[in-house]
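Common to both upcoming complexes is subunit A, partnered first by subunit B, then by subunit C.
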Partner chain A sequence: MTALALPRPAAGLPRLSLGVFLTALAAILLLLWTGVPLLMAVLWSLVDPDKPWSYPDFLPPSLSLAQWKYVFTYSSIGRAVATSFTIAPLATLLAFVLSLPTAYALGRYRFAGKETLKLLILLPIVMPGMVIALFLSRAFDMLGLSQSLFGLVLGHTLLGMPFMLRILATAFEAIPQDLIDAARNLGAGWPALVRRVLVPMVLPGLFAGAIFTFIASLEEFNLTFVIGTPTFETIPTVLFGYLGYHFVRTNAAVVSIILMVPSIVLLFIAERYLKTEYLSSAFGKL
Partner chain B sequence: MRPRLAIVLLVLPGAGFIFLFLAVALTITALQSVGVLGFGREPGFTWEFWVALFDRQFLDSFLFSAKVGIGSAFGTLLLAYPLALFLRRRRAGARFIGSVVKIPLFVPALVAAFLILNTMAFHGVINGVLLGFGLVDQPLRMLNDKFGWGVLAIQVWKNLPFQLLVLASVLATIRTDIEDAARNLGAGPWQVLRHIILPLSMPGILIAVVLVFIMTFGDFAITRIAGPIYPTSLAVLMHTKALTLSEWNLAACIGMVIMVASLAFVGVYARTARLLQGTAA
Partner chain C sequence: MQRRTFLIAAVTALSIGGPVLAADADYLSMPWDKVVEAAKGQSGVTFYTWWGEEFWRDAGKDFEARYGIPVRVIVGDRAANIGKVVAESSQAQGTIDVLHVGGVEVKSLLDAKALYGPLKGIIPDSDKLDPKLFAIQEGFAHKGYLVPVYRNQVGILYDPQKVPNPPQSWAEFTAWLDANPGQFAFNDPSKGGSGQAFVQTVLLNILGNPEKYAGDTEMDKAKVADWGQVWSWLNANESKFTITASNNDSIDRVNQGEVAMAAAWDDDTSIALAKGTLFKRAKLYIPSMGLPGGGDTLGIPANAPNKAAALLFISYLTEAETQKKLNAVLGSYLARTDVAGESALLPEEQRQKNGVAWLPGPYKKYYIEQFVSQVLQQ
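And now, the complex of A and B:
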């Protein structure tokens, strides 16, 4: 009863505005934190080579697509894009074929050591990439797989498998046993069960797993750098060449955008249309 | 339950592929570090490479990698934890902030390196703003610096959303009644944070820190791009020893050190994750 007597507006109003103020401040700071670096990359890729951009100009004096033309004419980026987009679908397909039975077992059956196995499967993405790359390259050299497209596809498959396996396993796990039992009771054989129940139920998971594997392949650097270059350049190895001590800013800006756009678009689709369990199952237990 | 054989056959293609490759890489590293597998030298068991490993350059690189790993992990936490606490209250605009902060998660690591490099460069926008406000007389050198601030900045920017997701999901499991009860009993916001939220979110903090440490300790590309010429990270040192100096056996020793350190932390992660699952269930 006494609570009603409190002067509510006086107590409520300043608190509200403080909350709004803090939220606005956080939003502005975070927009700067993520937005400024991205905006700068776009601007630098559009700098006009005839009118250089330097302090104290706040924005480039004029914009042009000259840098894009330059990069596509005088660098290996065109071939690198083709190589990247050849390896990624092949690695995704191979990862899918190899993962399918394993994911089914992980998702549908109970057996000793399953939880440990699910953790061990994550090793290719948590183990330091350059160590794996360097010492796998010794084996690849011996087998004649270095500097070959097949070797690169195998390597990318290895590094994308954890995503495909874990996400597919989650998808298989999510199918209610009742549904399978009901289909069986109604006389469905294996072919009908697969076509009518398993495939439709697993398809979103497969889609998510494929997106993650595809992106892992597009972004893979260490292994490609060790066993692929100089015969094969992918988008990340081209970008690496423009960074570091030979920092070529405008070229790096163009290649960064080429590498970033497919990842952002694909992950946006994955996040927008798919269940969040797939995202978390890709990264581990949480 | 299915017969055992059927399960083994089902598990084999996927798990077998992964373990075959990892086992090969691990075996070659281990054998090469003790000279049993020699490329370009007479093979034979010896500890000489391990003895020769611990020189000044290796120790400096080890310290640099440890500094970058620990610095990135806790530097990110310093930003991510307050932000996760802030986003926990469902204020208006929290969703918007949540999606803005997630953007770097979608950016490939090398691109993140470029974005931050570009911002922090000698003629970058940060130096521009500092000059514009008259805070500095001449541009600051923030990349390829001796301490590794450039590397740390890239890692924090890249890993912030990742830690935030981990912390947010752990904070979400803390039930508000405990907090309300403490408040009713007269605890102030700081006391609630110190005695309730912080201890209850400790496993989540540990996981967030360990994950970022694992992903930064063995880093090659970002250190090579934005790090100092000396000291380098262990992965860069290993790469140079192997491919520039052809000292594969020494490189294998360094590889073993990186791998053992990372796997030890993966073990910590796995245990904490299981613990956390136990409390959440």
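And now, the complex of A and C:
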């Protein structure tokens, strides 16, 4: 009698381990968690006003672009996109310039009250947006900065700086002192040290800080609404009305998709770039 | 040193606050034709609202075509609009000319002394606008500073396939609720007026005697001493209700088939029908147990830069033809009492017979707070 033997998996083929199974499960859950709401938003944005999507219909009985047409007809979204994408890069650049010295000091030096200062930097993120907006607006009015593009750039810079500062400070902090010492021992002066060591090492942090500041600017509503409108309208000041008290699902779906797209694109770019840079930093490409 | 002095001055000025108003022509005592003339010399009208953009933008274009005065419509967030007016109230000149005002915001605006007026008697045809709304908005007396622009009413929205004969009286309603637990929805009253309307209806049907609150500008504690009965009844029956997150969430639950009936505003229902977010067979009615209704208004900030143009724009919005268009586009009922709207979901007879007034503001505020603490948080 010959014993039956199960064929052994060919060498080199991956076996389904618990780790792979859990990773796949997590990926599927994540996809459902993010994908289903996105799919629902797309479907609601395409509902035909004449043929409502109601129970028990699983899908809209008819699709139409009427809801998109409505939002683009009755809002100043085109002008708002241009304004938002003018302010965000300027605010990001200014936040970087203003944050750099403080971030370097926080990352590379020890001094009394450093941890308290780090916490204080986060205050603008913790406090309610409208409270900050109301108090800042008075200062902006007195300085003649309300209803001006420079005022808006400055406001967005102030609100984006906590992100830029904390991330840049962490990036500076993470640079091993050995590397700096080694560069100096090899004769590098300050310009070479900055160009060959500091900049490449903080670049991923700078990029992450820039992405966060950029997105914070794109999504800032309260301060812009108080000091910027009616002269300037940005994407959130035009679109948040559709998501508030008189929330209408179809309009809100269109608006959510419009708000989501720039953030998703930027995050994908950031993810790709950050990975490469971190790897190069970690494995000594420097 | 100079920088430090400047910072101290800045902080001191911030803490002083208070309105600083610029000298303005006295449009409130001017003949109307002079106001119109002055309006034509002003740069435009900036109007802040929070919904209904399709109507306001078209009305703005029509106004510009007639008078040559451009209208800029900003559709913002309801609370943020008021935040902006209050934030700008210390400036000599603000940026808003006309403000669309909901009932919740009336007190904040009056407390901040942020309004120009009174406008009653100044706007032509003031006598043809709903006199109650011209004096009191959702329980808050505004003394004619706010001009009615439309009326709206809370009713009960229902699916006639599930509820062929909807209940009318309080006894019929509670019997229906017992037989259909979970099939009636109303929103958390701190999140929208239709939920507030339903809680008030429960309160008045259990306790009766609505007249005792009339005219009070402060809450009389003796008059609310028996309200505990209402919270006890609601707690005992909470499982029979579906409590939702907002006015439109209630409508959505009806559309999704989750509930058969819900408290809903007439204009929200009209918009949902027009947008395809509610099935066309849905119906709305005001039961004989009564539900409150009111309306929204327009105001002019005390530091509005173009007050004459603002007065003219408000006058235009309250003209008979403009009001009919508003009714057709938004579904809200006309603020004028001398013209009928053709697009009303609720017949005028039902409004007059079963619509009731809101309790005065302090009582309304109190029952909203009490519902949250005594029912939702229990």
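Convention: the second predicted complex is superposed on the first by the 201 of 286 C-alpha atoms of A that agree within 3 Å, B and C clash if a C-alpha of one lies under 4 Å from a C-alpha of the other, contacts with A are read in each partner's own complex, and residues count from 1 in each chain.
As a convention for this text, contacts are C-beta pairs under 8 Å (C-beta built on N, C-alpha and C of every residue); 3 or more make two chains touch, one makes a residue touch a chain.
Owing to the predicted nature of the structure, the values given are computational and were not obtained by experimental measurement.
J.: Touching A:P128, do we find subunit B (first), subunit C (second), both, or neither?
T.: After superposing on A, A:P128 lies in contact with subunit B but is clear of subunit C.
J.: In the overlay, answer first, second, both or neither for which of subunit B and subunit C A:T34 touches.
T.: Once the two structures are laid over each other on A, A:T34 reaches subunit B alone.
J.: Looking only at subunit A, is it subunit B or subunit C that touches more of its residues?
T.: B
J.: Once the structures are superposed on A, label A:F240 by its partner contacts, choosing first (subunit B), second (subunit C), both or neither.
T.: So A:F240 meets both subunit B and subunit C here.
J.: Kindly classify A:R138 by the partners it touches after superposition: subunit B alone (first), subunit C alone (second), both, or neither?
T.: both
J.: For A:F221 in the superposed arrangement: first (subunit B), second (subunit C), both or neither?
T.: After superposition on chain A, A:F221 lies in contact with both partners, subunit B and subunit C.
J.: Counting only touches as set out at the top, which of subunit B and subunit C does A:W190 meet: first, second, both, neither?
T.: Neither partner.
J.: With both complexes superposed on chain A, which partner does A:V248 reach: first (subunit B), second (subunit C), both or neither?
T.: second
J.: By the touch definition at the top of the document, which applies to A:A26: first (subunit B), second (subunit C), both, or neither?
T.: The answer is first: A:A26 touches subunit B but not subunit C.
J.: Using the superposition described at the top, list the residues of subunit A that contact subunit B and also contact subunit C.
T.: Common to the two interfaces on subunit A: residues 54-56, 130, 134-135, 138-139, 221-222, 225-226, 240, 244-245, 247, 249.
J.: Over in the complex, which subunit B residues touch subunit A? Could you list them?
T.: 1-2, 4, 7, 9-15, 17-19, 21-22, 24-26, 28-29, 32, 39, 83, 86, 91-94, 96-97, 100-101, 103-111, 113-119, 121, 123-125, 127-128, 131-132, 144, 157, 162, 165-166, 169-170, 207, 211, 214-215, 217-221, 224-225, 235, 238-239, 242-243, 248, 251-252, 255, 258-259, 262-263, 266, 269-270, 273-274, 276-277
J.: Would you pull the subunit C residues touching subunit A in the complex into a rising list?
T.: Per the stated touch rule, the residues are 10, 13-14, 17, 46, 48, 50-54, 57, 72, 74-80, 83-84, 86-88, 90-91, 95-96, 102, 192, 246-248, 252, 255-258, 268, 271-280.
J.: Could you please specify the touching residues of subunit A with respect to subunit B in the complex?
T.: So the residues of subunit A touching subunit B come out as 19-20, 22-24, 26-27, 30-31, 33-38, 40-41, 44, 54-56, 58, 97-106, 109-111, 117, 119-121, 123-124, 126-132, 134-136, 138-139, 154, 157-158, 161-162, 165, 218-219, 221-222, 225-226, 236, 239-240, 243-245, 247, 249, 252-253, 256, 259-260, 263-264, 267-268, 280, 283-286.
J.: Inside the complex, what are the residues of subunit A that reach subunit C?
T.: 47-56, 67, 70, 73-75, 130, 133-135, 137-139, 141-143, 147, 221-222, 225-226, 229-231, 233, 237-238, 240-242, 244-251
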